[in-house]
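Look at the two complexes coming up: chain A is in both, with chain B in one and chain C in the other.
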Partner chain A sequence: MARPQGAEESLCVASDGSECLQDAPAEQGWEQGVALQPQADLLLDSPTADAAARPVDLARDGNRNRHAHRPYFSGGILALFILAGLIGPLIAPHSTTHVSLSLFLRPPVFAGGTWAYPLGTDELGRDVLSRLLGGARISLLVGLSVVVLSGAFGLFVAMISGYLGGRIDAILMRFTDATLAFPTILLAIVLASIFGASEQNVIIILAVGGWASYARVIRSEVLRLKKQDFVVMAVVMGAGPLWIIRRHLIPNVMSTLVVLATLQLGAAILSEGAMSFLGIGVPPPAPSWGGMLAGGSNYLTTAWWLALFPGIALSLTVLASNLMGDWLRSRSDPTGRR
Partner chain B sequence: MIKYTLQRLLQSLIVILAVVTVVFLLVRLSGNPARVIAPLGATHADILAISNRLGLQNPLYVQYLTFLSQLVRGDFGTSYGFQTSVGQLLTTALPYTAELAVVAFAFASIVGVSLGTISAVKSGTWIDGVARFIGLIGQSVPVFWLGIVFVLVFSVKLRLLPSFGAGSPDHLILPALALSLRPMASITRLSRSATLEALRADYTLFERSKGVKQSVLMRHLLRNMSLPVITLTGIQLADLLSGSVVIETLFGWPGMGLLAIQAINLRDYTVVQGVVTVDTIIVVLMNLLVDLSYGWLDPRVRRRVFA
Partner chain C sequence: MLQIENLRVAYLHDNRRSIAVRDVSFDVPTGVTVGLVGESGSGKTTVALSVMRLIKPPIGDIEGGKVRLDGVDLLTLSNKAMRTTLHNDIGYIPQDPTAALDPLCKIGRHVDETLSSKIPKAERRALIISLLESLGVRNAATRLGSYPHEFSGGMCQRVAIATALARGPKLVIADEPTTALDVTTQLSILRLLDAQRRERGLSMLFVTHDLAVAQMLCQYVVVMYAGEVVEKGPTEEVIRRPRHPYTRALVGAIPQPTDTPRARLRAIPGQPPAPVQDRSGCPFAPRCPLAESACSAMPELKELDGVEVACWNARVEEEESAVAQTR
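Entry: the complex of A and B
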């Protein structure tokens, strides 16, 4: 996301070059009525202030400590999450959906329970640990599907918009802006009220709401790349658009794509949780973390563990994915400017 | 300036029309809307009666035009689930959501901007650490889990605040606090990075070398960092509305979000349609205001766009 410094007067007032999206075409964008504002969304994507702290530090100690903090914590959590999603149901001690009312609301082992149910049981006597492992699979499946679908579509729009430019670009970006500004939850409410809730609908809704940030960020990358010598040379050599996109543009936006995908993974898992919590996401009895939280919130006074464990699992997974995205972002900035 | 404003206003209208149209078409795509609206276990005759009442025997474009003309006059139809007009339900619910959102957003802005600015100026100190921690946690912790934890601590354990319903200022505290964390996180992060940027800018260096007073410098800093923060509010609003659906459901706060969720459970499609339409109008208009204020705040943009 690095950008040649001082090339044009930038409208972006934020600290991080990586988040200034509408550099070169800002002027053109305004003429065509493309709203400036959604770049704030991407400003927003600069979470842990590391990136922002950098400019001041850099003056003093240069580039030395940039990669000092390897993401052991976030990497470990994510690895655990993916492992749980892949083989969790195989190693789970009990069924995720089997109801045995005689076992209801057993406390976790450290609060007087037994090792048979290490994290206790819920109001229907289902094992909380097994359901957590099952929930990891749902979160992983939803998260990855959303990332792949919206990433692919966002990349597609970005390439068309950035490479062709002109009127098509203006229309596509206007559409992108509208999508960015629209609250995904409203779409979820509409679809749930008409078609009912299902895992598949959750993935569709989140992908429909999620492609726009890819389109916007990658388009600005394409606009920058398009003016660089190696692309201009390729055009002079007579290379076709598809060849240029495949050989030059896509490989060069890959790192940006990966950063966005990692950040979106966390956001998608969080949204799935919220939707399932509201009862418009993954329907019961499937063990979604959000659904478990919703069920647990009715037993706060008697069985705190029901709301505690899925909340921790959800928070840690999203936190790890955000931290990893930030780390990748700071790493992928090749100029070391920040 | 006028031309640009009109152009943006027209675009906003198009977006609203597009959303309303998509919602209109979606319900027809699902088959017979009467079946969606009809309660479970309705007989064939019931569904036929509803069909006739909704004018579903008319061609699609007639239905669409009728729907639009009613909408323009503020007629959202009748709710089958609640047995009253949808407009009435919306006017009762909207102030609650507005109250919750405004309080949460004001709190988030005040804390976020102060914390972000101070942490940038005092970069590397403990307060910087606090700001960065909030920036990170606010982005990762699910708002509904935070709400549950609040209820557990403040209502169940400490018995300080009510956990459900509305009516007194006490009822507002927990939901507003829970709702404010996410915008607070992004405002803190953004103010921090914008202030850092402004601190490095040439004009700051120049003013410092001239020996300008700290308070004057601060005013210039604030004005410059306010741009990205204001720009953020439009996006924040969409996020805030999403969050308020969850928070309202959790705390039983009788706003638009809770209304929508109740309507889904009652299979009351008309109410959902009304909520979505009103929410869309709010979001689009707020974004329009933000866009216009951006030009007003930044002379560089004004010169370029409004010339």
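Entry: the complex of A and C
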């Protein structure tokens, strides 16, 4: 664009604001070589653009981008996982625990097996597909319970610690540090050997080990948020601590909470697998992906399907929950930028 | 009206106290805008926050003084009574309009939250729309469902102002509300605030470091330096004929349209003193061109020709010479 327009621009800014830099008629006029004088009139007469009118389009664009990346893959996998967890045992072709040694180590259908046992059988002749479906229920139950319990407790600690501050904050955070510093699997072994291995204990152990990261991360968010002007304004409007926590702090940490929760969902399912693998998780004969992996690892060279299918199920579920968390995070942020 | 008497505020670091506001006294009469001016760190924001009792341990401590709103000392109120007072009588307009609004809260809800839930919903909605329209938000009805990030800075500030005004407060405290805005938006926001003050008979405490803004909006100004009031009086008098050398230097530091291009800005040499526990003498003396032996004792505020000024050498000088002197 030719340089002389600079003079017009500054004139125009002084007269009616920033909008006129994008003033379409003036731009066109200049390109068509209209003389300088009429153009100045155009600029000066042009109505001030409504500063409020534009952002609506921005918002629409944001929505369009947001919908362009629907999480079909992770959503599909998670839906399958949840469906399997809910109704899996009902549609399973065989019992998950019925042992029939005469059927042991049948290969899956595509490796020379029969349709009666599509994914083969294990060393005790149990149907792998049925146990996989049964294991989904346990993984789902353990994962969700751990996430809800530790998330709620972590959020609670973070709100008290971050909002009240001072000595309470110091005490709670040292406690959090101690929990974070303690290796979860060691804690799990100790607690499991004291209280015994059961599904319920697995949930409690993982929740006890898992709340601290929520508390830590969300507390720092609260510290940042409570200094924000909108919280100060709420205080000046006479809002009490509970109101501020409920209306301003919790909604604003939700995206962080969701990310942490989905990451932890994957981690909890993995940890349950690890615990079952070590024999301190869900006790056999109940089907658990980790337990199936542990059992299958003895037969890797002869019956690969025993470890492969629970391994795939575990990896896909963890991957899908991580991807879903990422998508939820970008969606829950209204600016869609973070 | 708001009366501040001998307000003394300290900030706490570890076990040290640094005094940010020393024995500050001034009044904000009903229906009047008082500008609190001074450079960064002069304690002007601290005064404003102290009125709302937002300075409390472990950050800071209001050590003494009285802050009376219509005769009631806010500093001695119970927490609950203070909350009621804040809710009903005081509106606060913060500096950064984009941070003033909760990013997850729709525009309408910001204003709505300050209103009593006893008012029926439809009535509240109508109220909010008319308030926003009167503050220059066009098509307010269709914009109530927008999120703050869909608004420009100036629009966000209008919403913040609406939030502050919705309850019909007696006192509005504005902490540099136009600093984050560009000059043209700044002007329209200032006009708006002034119109609202007239219309509602508001008392307004307006914190700013911009003398031009203070001159435009405020009937009175209080000039603060290093936590103390050095000069206070009617705006025109203080800015046209500054009596305190600090005010004179501040006025002189305003760039003039007549300045030649590339002319040096007229900064005040030196740095403001660190906020310390004890101090003797005039805090401005180390930077003052008129300093003399008398300045090692603290000057009291005394009246000189309608303006109160704390300086041993206070005198009325004409505008031009004031500017010339600091050059």
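Note that in this section the second predicted complex is superposed on the first by the 256 of 338 C-alpha atoms of A that agree within 3 Å, B and C clash if a C-alpha of one lies under 4 Å from a C-alpha of the other, contacts with A are read in each partner's own complex, and residues count from 1 in each chain.
Simple rule for what comes next: contacts are C-beta pairs under 8 Å (C-beta built on N, C-alpha and C of every residue); 3 or more make two chains touch, one makes a residue touch a chain.
What you are looking at is a predicted structure, and each value in this text was computed from that prediction instead of being measured.
Once chain A of one complex is fitted onto chain A of the other, the partner contacts of A:M237 are limited to chain C, with no touch recorded for chain B. By the touch criterion stated above, A:L278 is placed in contact with chain B alone, chain C being left untouched. In the superposition on chain A, A:G311 contacts chain B only, with no contact to chain C.
Of the two partner chains placed around the shared chain by superposition, chain B is the only one that A:L180 touches, whereas chain C remains out of contact.
Contacts of A:A116 after superposition: neither chain B nor chain C is touched. Chain A uses residues 13, 16, 51-53, 55-56 to touch chain B in one structure and chain C in the other. Those residues of chain C that touch chain A in the complex are listed here as 52, 54, 58, 83-88, 90-92, 94-96, 99-105, 113-114, 137-139, 143, 146-147, 149-152, 154-155, 160, 163-164, 167, 173, 182, 184-185.
Residues of chain A touching chain C in their complex: 13, 16-18, 50-53, 55-56, 58-59, 165-166, 228-230, 232-240, 247-248, 251-252, 254, 334-335. If you check the complex, the residues on chain A that touch chain B are 9, 11-16, 27, 30, 33, 35-41, 43-44, 46-49, 51-53, 55-56, 174, 178, 180-186, 189-195, 266, 270, 273-274, 277-280, 290, 293-294, 296-297, 300-301, 304, 307, 310-311, 314-315, 318-319, 322-323. Those residues of chain B lying in contact with chain A across their complex are 4, 7-8, 11, 15, 18-19, 23, 26-27, 29-30, 36, 119-120, 123, 131-132, 135-137, 139-145, 148-149, 151-152, 156, 186, 189-190, 192-194, 196-197, 199-200, 224-225, 227-228, 231-232, 234-235, 238-239, 241-242, 245-246, 249-250, 260-261, 263-265, 267, 269, 272-273, 275-276, 279-280, 283-284, 287, 290-291, 294, 298, 300-301, 304-305.
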